[in-house]
């Protein structure tokens, strides 16, 4: 397994094809717009070596029997899935935010593990064999893999083939002997800057007329024909300043737009090529573990909000005991999304390919919690912080260090600690609740409304009606 | 294992010592105040024989290797505990409400399994041996066992020995060669009328001056010196009428006050006798599985609320689709308490006695949800039901069957089904949400405030602070 | 104005036509099923004479200039409407629950005051003149008037004339020279037992084919051809027992089913007779003040829940300070529904008939709060009460007074006060939260879903869109 | 009354003493960090001239009888206060965010109007006369006045005089014949950049030992010895870029730190000078109207969130009808804070000085709602917006306009409208919910916890207990 240094080296070697603010980022490991997310991902490599984290971050490869990072493994049991939820919480604890350059790719390869198995069995294709071969190689190289599902979609009231512009969803434009050519885009993709490769999957289920959109493959991030533009996020210009107004150096989030201009994908990296009937299944396989594990993500960030809230309370000269009821509510919120992730894990089932699929009903219930509870946790954090933390209402680092009036600011910012430290904690609360550290937990892995559709699909109202009728001995068919 | 008929026979044989409304109940299996809860418990015996429920309701005895009802087993693994949560949901599905005459006893014997093991190991007592012997016998007799912890307590600002009247908490008044004599009361005890025996435990942790209150034992329900008075519950007088104004015949809840007037307990049935240091531990052992599993209970009743709400919607001539968003919220509430129970189960640990103790933090978070979410589910049920279901706003059975105007009532109550069936469904909603079927989920197994104390005790704020400080590289000790 | 004694005399004189439990109630002022609501209404007569309440409970008649009870007045200003909201809160404070035998009638006469004014102006009818004459007489007689809108409705997917049985909504079956004959029913009508007369109005807006259903009139409660059956409510059989298991003697709620079997209504008491176009307007006029004022009702009951919660806390030996955060939330809930009622009042407008119509948007927002916040207040009350209050989990009065074991129960129920008083307070909490005192605030005056339809109808989304477009200078028509 | 042009001229003439990012802002009307808030305030001058807004934005001076902007008037009646609430909502509608450079000053002058009246009456001072003279002049000059209460406070567990550094709260350091000299700071002060003058008040009530902190006065913003540093807010660096990544040009928020280095205040502008007993009263006078009116503020911003949510739904090709339930909830939230503001207004009382003081209980309940409901409204806005709106997850303007790949971005951002407009709407949602437009509604005008203290202080629990005892005829004094 790689060291964090080797990981960064691997990124440095890649062709620059990522832009932000209209400019090409030459080295993602040092550019201020991307270095924090790279640092966050690098922490995984360091932590995987530590005894205390090893059980969570690594596992035995089902292909080779060697110890590999969990992000490159196949989830084969409830225990694996539970460790996945714990891993997400841990990584948010260590980096403060999302390490999407490993997480969605991990999900995608597991989802396609099952889908390719089914296709090969039903259709006699060799997608599963290809995936196996690639994965074995990926484990050996210990690479980071982002995952990409979301298409631009265009007019949401029309299917891909009905769109005026056929490119509004990523699609196959040409099939060749040795591979396929694809065009379109994937948007809002997390962690691209920290990824060596990108795993592409359909964004939804497709019908026959949309079969060109049923496509899955994996590519190096710097493949020819792919242009990447990083999206903005709150207060992202501060990241260019490199002072404590962005208080976190060892973690950061990026979300990118991937522009595919007739990109050639060699056959051995293609895992779905028009088999539209398997697209919905693949997406379902993706959803269950994602929506279970994201409960660990937001719990992990919630842990930091508790820490930050307790810190600012002390910095203000108050005991966190004053806020006991509020902190208890934060804990309840964290443990609820975490616990529901665990429950979805354990109530899952084994797919015939060997992949463990968490319980869909509980996973999707968790997605609804993930789209609401962290908002309450953030609100409480701001509530405890006082006005200084709510919108980060204090002067800039530049002002605090100004030679004329900076000392006055430091004096007036001090309370039960130095003014600078109180400023830093306040900035951290801003970063966590309304700044650059806020992950997209509401829509990441699909929206709460999509989750509610799944909840209904997975619930049998008639069963509940029968239970009620039996209990009151109601014979009439109402 | 007994049949339901044999179970009822076993109850019939007991000495009548239960009162309600000032009168002695001669036969709990036929008296209208108690027969419904007996019927509910009887369902367990029938269901345990059915293939579809066997895995949930029975398990192998760790004492004899024979198949026994789960309620008489030792919880030895996460899987056992998960099945416990599922069993609770199932029993609420089948009976509509609480079968407390097996559930709390089951919890108590598991809690004392661990506590007696510790005492024997530390103090050289033989409590664990006694418990084992009794349990083996109990399994052979396939008896139902209620559990009793709650003391009257008197003035809550004083400890047991400080109370003006020493009887305000159950205590040992005399030690004899062959046993002990106890006096006092246990109150609000569920399922007594359906129980063959009662397992007594301390209600809280005690200090040395209160050591006479650290007492645990098991007794036949009809032991000499014990007088039992059943508490009222909402609309309980209707139970005496035996028509569909109480629409459920095969389930019901009772909660009793147990009055101990110098009751003699033979030695071999005593499992704690003054060892005050072990009282808190015993209570903690009780709390964790109870507060995990109660999530299954309220989910099971919530399932019926969904069924009832969908039924009344149809009866009113509306599709339940109109109420989709509301029903989704009910599902979310149910799956949350159920899922958190599962999570607490799986994140538990094995005690050296072999008992599996669920995760305290998650169990107690679940208790808070159990004290809030079912209230929302009830509110939504009433919302969907319309005015007729909110407070059961329709004439009595007697009126509906009145020879003069009953036909008019039937006519005006009819909608998309007969008036009688619409009335019955409405009464069921009343029963579930504001009537005789409402279990005490807020305070059963301890109050939400008690759970919050545990949540705080089990959370390490300093750990969260350290995570935050590390992330923003804060050196100062704030 | 009448004394409470004279009021009761007026009820005694009426023809018995009210049934419950299959039996005719001969005297509503002494029968245990109805006497409590009569006592509650009687309190209004007493309170109206007291200086401290006079400003709220009485006002000057716009017909005669004489001081009359507010319940028989025309709401002519924001101030009148504000006093209406305050009156509702006061009456719940004094009686513990609903005095529906004056409140809905008051609303109905005001709604029809406007509707009859419009009809007379537009159509040359003389309904307004009739209403005026009747009201003047009603003020002189100082009568109590219930109001009745809700029809049985039958299959909700069909309009009245489409129902298989035309009687599923109250309708005109014959027009005669001197009046009309009506048939059908009105259901779930509050306070009938305490009313001298009943004001009938359409339950919704009607189209031309349903014009026979557009009918409004006022009748003595004991009119020939009208049979009344009282609905059940939680724990209503206890009311027949007359001990402290129903702890409130001076207030109570009843809801009745009115069965009209070809009832003749003399012309001068008819205020709408087929003018279907005015039915919706009439209902809207009813809704606005009702949904504003009901915020006072639930706040008034919420005040008692705070009182009861503080009492039981003390009775248990705890300070209500322990529960400060919870009590604060109860206050917030109460003041929110009360405040929103006040806001709806003041933001209203004057109808050309002189009636003040509260703001529909705010009134309907308040109805949503009234269908949710009191449920939280009840939950908190039970939370503070402990297990004894949650479902009233203590033995019956009969048991507490039993000669054999009653003293033991009294002993064990005592805490920081006598056992009897603690029992009484616990019963009061049961009565307020899950017993006979719970009013139908969710659906009374229409359901939350109906209110949401009104909220949407009264909100102009395009206006909000225009505000947004202007602010960001967006020119495209999206 | 001034035109917006004259208003801007008045700002241009002032001495530059405002800094941000370590640099002096030479002209607040054109500097990108301050011009948007100036534009927002300028809109008031334009709107006040328009017929449609005149009744809300202007009123008759009680000093001169001339029409003046409402912001410079004395609130003399419930109607005035209601118009204040409406004015706040209107200004948020027009500017998108806070116009704090008029609002807090308006509150402060009204609070001190009452306090100075009391002091003059009790102590024979001439503060009220001074205030009157200044206000008359201010009305003639039609100036904008910010208000400043919040001190840095230092260690919150100590009073001002106990602090190690006496400057942690603003205080009088010297009294002179013709005025006073003050030192210290006021922090997080809204709208300073748009203000001509600043009204200073105590931040809390003081005891005798802290009497030097009981000080109130009004100063030109550019007074000698005052240094102002603007605080950061989310995404504030984007404001320097001047493209549509900050989509609002005609509104903006600033919050400043005011550093007083021995500033001389002439006598005639001093309204409190050590009269510590009046400091708490003054603060209470400030709190009531502020916490009532802020309900209008957040409702006004909520209106824009509804507009923005409906716009993005359409832009995405979806009808806002899909989101009807969510939009209804947004409306409910808006009308609740607005309605509670109206209710607090109308239930107020007239102070002997002529100032109308809104109801403290309802005002403070509203503050709690203001600290919670807008968070839900924001969450729903992000929910409806989809991933693109949640954290503004789309490339920067610079990227969208990039010559190489900008066209691709525009293509993929387009849906049911052009890509640019969809981007702009998304940025607006980011601005409103997690960007530069978010006002500090949680702590502005004091924290929710402070409001809860007031709610308790203004509620008489014993009164509620007496109501409960009377109803159940409980004689014992529990």
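Which chain is which? They are A, B, C and D, in the order written, and residues in each are numbered from 1.
As a convention for this text, contacts are C-beta pairs under 8 Å (C-beta built on N, C-alpha and C of every residue); 3 or more make two chains touch, one makes a residue touch a chain.
Everything numeric here is computed off the predicted structure, so don't read it as measured data.
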Copies chain B and chain A - interface residue numbers shared by over half, same or different: same
Approximate Å spacing (C-alpha centroids) for the pair chain A, chain B: 41
Separation of chain B from chain C, taking each centre as the mean of its C-alpha atoms, in whole Å: 38
Gap in Å, rounded to a whole number, between the CA centres of chain D and chain B: 53
Residue numbers of chain D (touch at least two other chains): 325, 416
Topology of the chain contact graph, where touching chains are joined (line, ring, star, complete, other): ring
Contact pairs between chains, per stated definition: A-B, A-D, B-C, C-D
Chain B to chain C touching residues, read off their complex: 19-22, 150, 152-158, 165, 167-168, 185, 187-188, 227, 229-238, 245, 255, 257, 259, 261, 316-318, 371-372, 375-376, 378-379, 382-383, 386-388, 390-396, 398-399, 401-402, 404-405, 408-409, 411-416, 430, 434-435, 438-440, 442-444, 447-449
Interfacial residue positions of chain D with respect to chain C in the complex: 78, 82, 93-96, 244, 247-251, 303-304, 306-308, 310-311, 314-315, 320, 324-325, 327-328, 331-332, 335-336, 338-344, 346-347, 361-362, 365-366, 368-369, 416-418, 421, 424-425, 428, 452, 455-456, 459, 461, 463-469, 471-474, 476, 478
